[in-house]
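Chain IDs A, B, C and D follow the sequence of writing; residue 1 opens each chain.
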Amino acid sequence: MSSTYGQMIKLSIFGQSHGAAIGMTLDGVPAGLSVDLDELQRFLKRRAPGQNDFSTPRKEDDAPEFLSGLLDGYTCGAPITAIIKNTNTRSVDYKNLMDCPRPGHADYTAQVKYGGYQDLSGGGHFSGRLTAPLCIAGGLCKQWLDAQGIQIGAHIANIAGISDTPFFPVSPQLAQVGVDFPVISKEAGAIMRRAIQDAKADCDSVGGIVECAVTGLPVGLGEPMFGGMEGRIAQMVYGIPAVKGVEFGAGFGTAKLRGSQNNDPYIIEDGIVKTQTNHAGGILGGITNGMPLILRAAFKPTPSISRPQTSVSLGHMEQKELIVKGRHDPCIVPRAVPVVEAAVAIAIYDAFLEWKARR
Amino acid sequence: MSSTYGQMIKLSIFGQSHGAAIGMTLDGVPAGLSVDLDELQRFLKRRAPGQNDFSTPRKEDDAPEFLSGLLDGYTCGAPITAIIKNTNTRSVDYKNLMDCPRPGHADYTAQVKYGGYQDLSGGGHFSGRLTAPLCIAGGLCKQWLDAQGIQIGAHIANIAGISDTPFFPVSPQLAQVGVDFPVISKEAGAIMRRAIQDAKADCDSVGGIVECAVTGLPVGLGEPMFGGMEGRIAQMVYGIPAVKGVEFGAGFGTAKLRGSQNNDPYIIEDGIVKTQTNHAGGILGGITNGMPLILRAAFKPTPSISRPQTSVSLGHMEQKELIVKGRHDPCIVPRAVPVVEAAVAIAIYDAFLEWKARR
Amino acid sequence: MSSTYGQMIKLSIFGQSHGAAIGMTLDGVPAGLSVDLDELQRFLKRRAPGQNDFSTPRKEDDAPEFLSGLLDGYTCGAPITAIIKNTNTRSVDYKNLMDCPRPGHADYTAQVKYGGYQDLSGGGHFSGRLTAPLCIAGGLCKQWLDAQGIQIGAHIANIAGISDTPFFPVSPQLAQVGVDFPVISKEAGAIMRRAIQDAKADCDSVGGIVECAVTGLPVGLGEPMFGGMEGRIAQMVYGIPAVKGVEFGAGFGTAKLRGSQNNDPYIIEDGIVKTQTNHAGGILGGITNGMPLILRAAFKPTPSISRPQTSVSLGHMEQKELIVKGRHDPCIVPRAVPVVEAAVAIAIYDAFLEWKARR
Amino acid sequence: MSSTYGQMIKLSIFGQSHGAAIGMTLDGVPAGLSVDLDELQRFLKRRAPGQNDFSTPRKEDDAPEFLSGLLDGYTCGAPITAIIKNTNTRSVDYKNLMDCPRPGHADYTAQVKYGGYQDLSGGGHFSGRLTAPLCIAGGLCKQWLDAQGIQIGAHIANIAGISDTPFFPVSPQLAQVGVDFPVISKEAGAIMRRAIQDAKADCDSVGGIVECAVTGLPVGLGEPMFGGMEGRIAQMVYGIPAVKGVEFGAGFGTAKLRGSQNNDPYIIEDGIVKTQTNHAGGILGGITNGMPLILRAAFKPTPSISRPQTSVSLGHMEQKELIVKGRHDPCIVPRAVPVVEAAVAIAIYDAFLEWKARR
């Protein structure tokens, strides 16, 4: 397991935040799939930092360099590897973290698991920066799904308790999501931005929820039990740092519903079987039912805050106050939107190939 | 994928609701682990139907028959296979479902995916009955984890919007969970039971939430990214029919918190590094931090309700009213409590073996 | 790993020689595939003991009982599980083997690996009897491949140094293989039988080679490097007890050839690209080239011989003479012929499904 | 599958012969393992071309560049990625191969499988050049096994029918293998070299056999059936281009032996259980028995020969004479020796980690 995913495709993500390069290998992709590198670059830009006034001003030039797998704009059947070189040199900011772990980060767990051999610099392999290669893989899968009529979109559903207009579960308004700040309601977006600025002013951070929808899916993707779409998407989405919850369709809300409310009645529309509502989020028995697949992922507030925090010295085994240096996003949710799309795209493309095998 | 799970252990679950038998094979377990079959039987009984007035009166004798892998009360290193024979004969109740799918069930998705070859009887391979072999595997893993000082417990956190006392995240009160009806607060339990009875009287059903805690975990279980504990537990828990949401620690609640609230400060207690709070649910960077692992799983209301429902005739492609026959639990949440424990036990035991490999 | 195999299908084999039952689960098979149980029974009978005067007289009634996955003669999309109950009770013959391991058997390695918890009786999970469930899985795959025009056949290529007429590599004479004793040349067969009888008379055993051919394969099965057909077939065939060598096409013979001899020239025949010779055994770059796939597997002589053998007492750590009791095949090669076909069928069917996914 | 291998470690190999770079990612390695990059470079040099008068004069500077996973000379727990940049520009030599496939190469199978989208240049992903990243991964595993007292060595057992002194199966003379030309007998080596020169003078090539031994193994590595050491090593070794046969211990020779000859008697030596002979090649029931693990891999003669060969035009579907241009090794066996060591090291290290998990 670890940083490798997939049944039909094998995605391997590598790199540390301040290492020589980060990157990914995507193995098992058919030959002859078209790749639009400009579109990929636009997709990656949505995740890149420095896009607005509250994201980290650290400039990352996330231009992927393809080492293999592509030829003249098409996949060639060989594993696809792309890297992003790191221009940041090894930081000295992080040396003390081995002794004094940052609350909410993987410092302490990594220290115990790897016995002090881990690369702490910039979060090492646990850094949010590793979502860049995830977006390379996901951006490619998104293009290939798009060519099959399958569209994936996401928006900020909630930041700091402030909600955007939710996706209509039956026909999600993918086109109405804003580009600069990915919300449907500009008003809600403005309030969210203010909440982020407030947190920043308080040397603090805020969390939020990303909602994602997939349309145009055929009926039948997914396998029973552990191969169900919820499980394979959840495993992928939980690969994104900071995710602490994943729900599908009515999700945790189903707990309050009665069966007569939650069951989606079948109807026929334009000669196609559909459901009138979509509490199932497009998945029944782990298998897509042709309705939009809807999921939400909860992101915890950025653990890196500049306020003094209570921690311990592992060397001296005593309490210690910690001041985290460096600049960090007061809210990663806006940048997480394309990352969720990428993660979902990878899981769906994997299931799509598996579905083809058993038709 | 499909009905197979695991990195170090390979769990394969088989069977259809009304087939000859259901069962499981658990491969990759070390030899020499003690197995207490009486304890396993008591665990299975917690899941079995017919325990109280609102669960389905259908009598299932869930006595596992071990075909392999055990010798004189110990694992022998060979794959462990156990089956439960079905005494129910093939029902004729389900014949019409191939034409007229039940809302909220896998009937329609199975029909399209398997082209009419699927076993519909009693839900076939999608039946909740398949959680019995899951509980055999999970009950064994639970015993082996217990021998390592790792305890797993769960309770009903919510039914129909009514909440039980939540687990203390820092020291979950596992021992205070009731046996007959697994809640901590008897008062809340009484109200939940009434809500279930009300739904039953209305020919309807209700959903709920199960909360699970794992104590005694070493620091360091889990791998980065896709091998993180959240993802591997979620994939397993989503293998349980009717689960639509899985969250860890503060989960979706983190979206409303600020970093300064959500970050768990480190403290030293009895010479051991702990966290003061446990919003992380015992997992940081996908890796256990030694604090109790806390998760919640949302269950949708039982889709089988005896009210008339709107569906379609797939053969005639026209609307059709459907009356679901048979007796069904108006709420599966009480019986789902040990199933969540089982699923979590399997995922943790798998991660435990993997952790041993890299020490 | 251990007793689980496959990329698209997951085959799990379970059971010990003298346990309650042996069996297999085959997960990931598409729905709607026809299954002929009579044909399967005939296939299993080819492996069953007691067919001739030199195979073990132990009567095994290898009638599989299907617990799941089949409905009205077709696969239903759920995992297929079949078991064969053991009628033999636990033998006392094997008690002493824990102290005094039989040369050539897994007794010693199992003792150290499983610390004395292993099931020794009849060889436990290491018994050749486990090839019966392998033949159930393989017999099914063989039928499904046959429906695609892909034929698999094998014969005894060599026993005790005596060679049968080899398969023509370009058009293997599958139909000329005998039924009772699977050789092409009756004369060679008669000499082989005599060699087996001689070994038996000497309280000894002999080894041999099975040659297998697959015809009707499409071009393109297999993936690069570790997913190549040679590697995936070899992993499966080495799952058969007693196999110590696997080679493809000209195999070890290629070491003596020059490139100009070994390269198979391309020709066009009936509008199809073929090769004039088939030293490659139908595989180039790990991928099938449309020519017959040819492989050979070497089987060591049955280690169970009734002559006195040199062994040790593990308890006393001293030399000890061992007399192996019980009746054993003086040569397992004739019964191994369908087992090799089964193993190859499973590997090919798995690759066939994977090939479909990426077309 | 495809170019990904492993149970505990996940090895992913990427790149095409004339692409931007070739490389590998090794995921799942514990943290804190020491890495000697100079020793690795010496190991890689054994595989590099241009070492003697009959290997291809093409100069490849196989200096790996580590992008991740190492920190201050130790593994840091994150996936290890290393690349080798290609300095060769895309060749025009290979353009015509899409129409006229080279006999013995993957040109035709790749053309059908990938529909003309494959990278043909220099053999693309099927090139022997991909064994360089295999040697990076294997060279690392070799160092880590060495630190456990496990030694791996190989030599040329045969070229063009000329045999070197075989490894003593009980105590293989690893130290006596030559460095420049890896044989034990200098005389045999001289004759082999002449045979290679003769083939080269004839515009032809020759095949051969590599024999490999592993000493210092603990008892108990490997799992039953498909997880046996033979199968997992074979799958890895068959990942090396040109391998057509893999055998263990007495291998195909066992077919001629009687049980009384092939069974290895147990003895006690220095208080340790050993076997007097080692026909089993150190593996019984798929599990290591503590004796040296011995295997042989057969390599076909280099398919690239400069003689005119019979092929076809796929575009015109007619016969065509083919002249393969470029310079190629008349025998790859000498350079294949470290590649076999690398492949075996990877398979053993993977099994070693798995073994630790179940102790």
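Heads up, the rule we're going with is that a contact is a pair of C-beta atoms (placed from the backbone, for glycine too) under 8 Å apart; a residue touches a chain by one contact, two chains touch by 3 or more.
Computed from a predicted structure; not experimentally measured.
Within the contact network of the assembly, the step distance from subunit A to subunit D comes to 1.
Considering the contact criterion stated above, the chains in touch with subunit A and with subunit C alike are B, D.
Looking at which of C-D and B-C shares more C-beta pairs in contact, the answer is the pair C-D. With every chain reduced to the mean of its CA atoms, the largest distance from subunit B is reached by D. In whole angstrom, the spacing between the mean C-alpha positions of subunit B and subunit D is 45. Computed from the mean C-alpha positions, the centre of subunit C lies at a distance of 26 Å from the centre of subunit D.
With each centre defined as the average position of its C-alpha atoms, the distance from subunit B to subunit C rounds to 39 Å. Residues of subunit C found to touch two or more other chains are 1-4, 13, 28, 31, 77-78, 110, 113, 125, 223-224, 354. Only residues 1-5, 7, 11, 13, 101, 103-106, 108-110, 112-113, 125-126, 130, 158-161, 199, 202, 204-209, 219-220, 223-228, 230-232, 234-239, 241, 243-268, 271, 273, 275-276, 279-281, 284-289, 296, 298-305, 307, 309-312, 314, 317-319, 354 of subunit C touch subunit D when the two sit together in their complex.
On subunit A, the positions that touch subunit D within their shared complex are 1-4, 10, 12-16, 19-23, 25, 27-28, 31-32, 65-69, 71, 74-81, 83, 110, 113-119, 124-125. Taken in their complex, subunit A has these residues touching subunit C: 8, 28-31, 77-78, 223-224, 353-354, 356-359.
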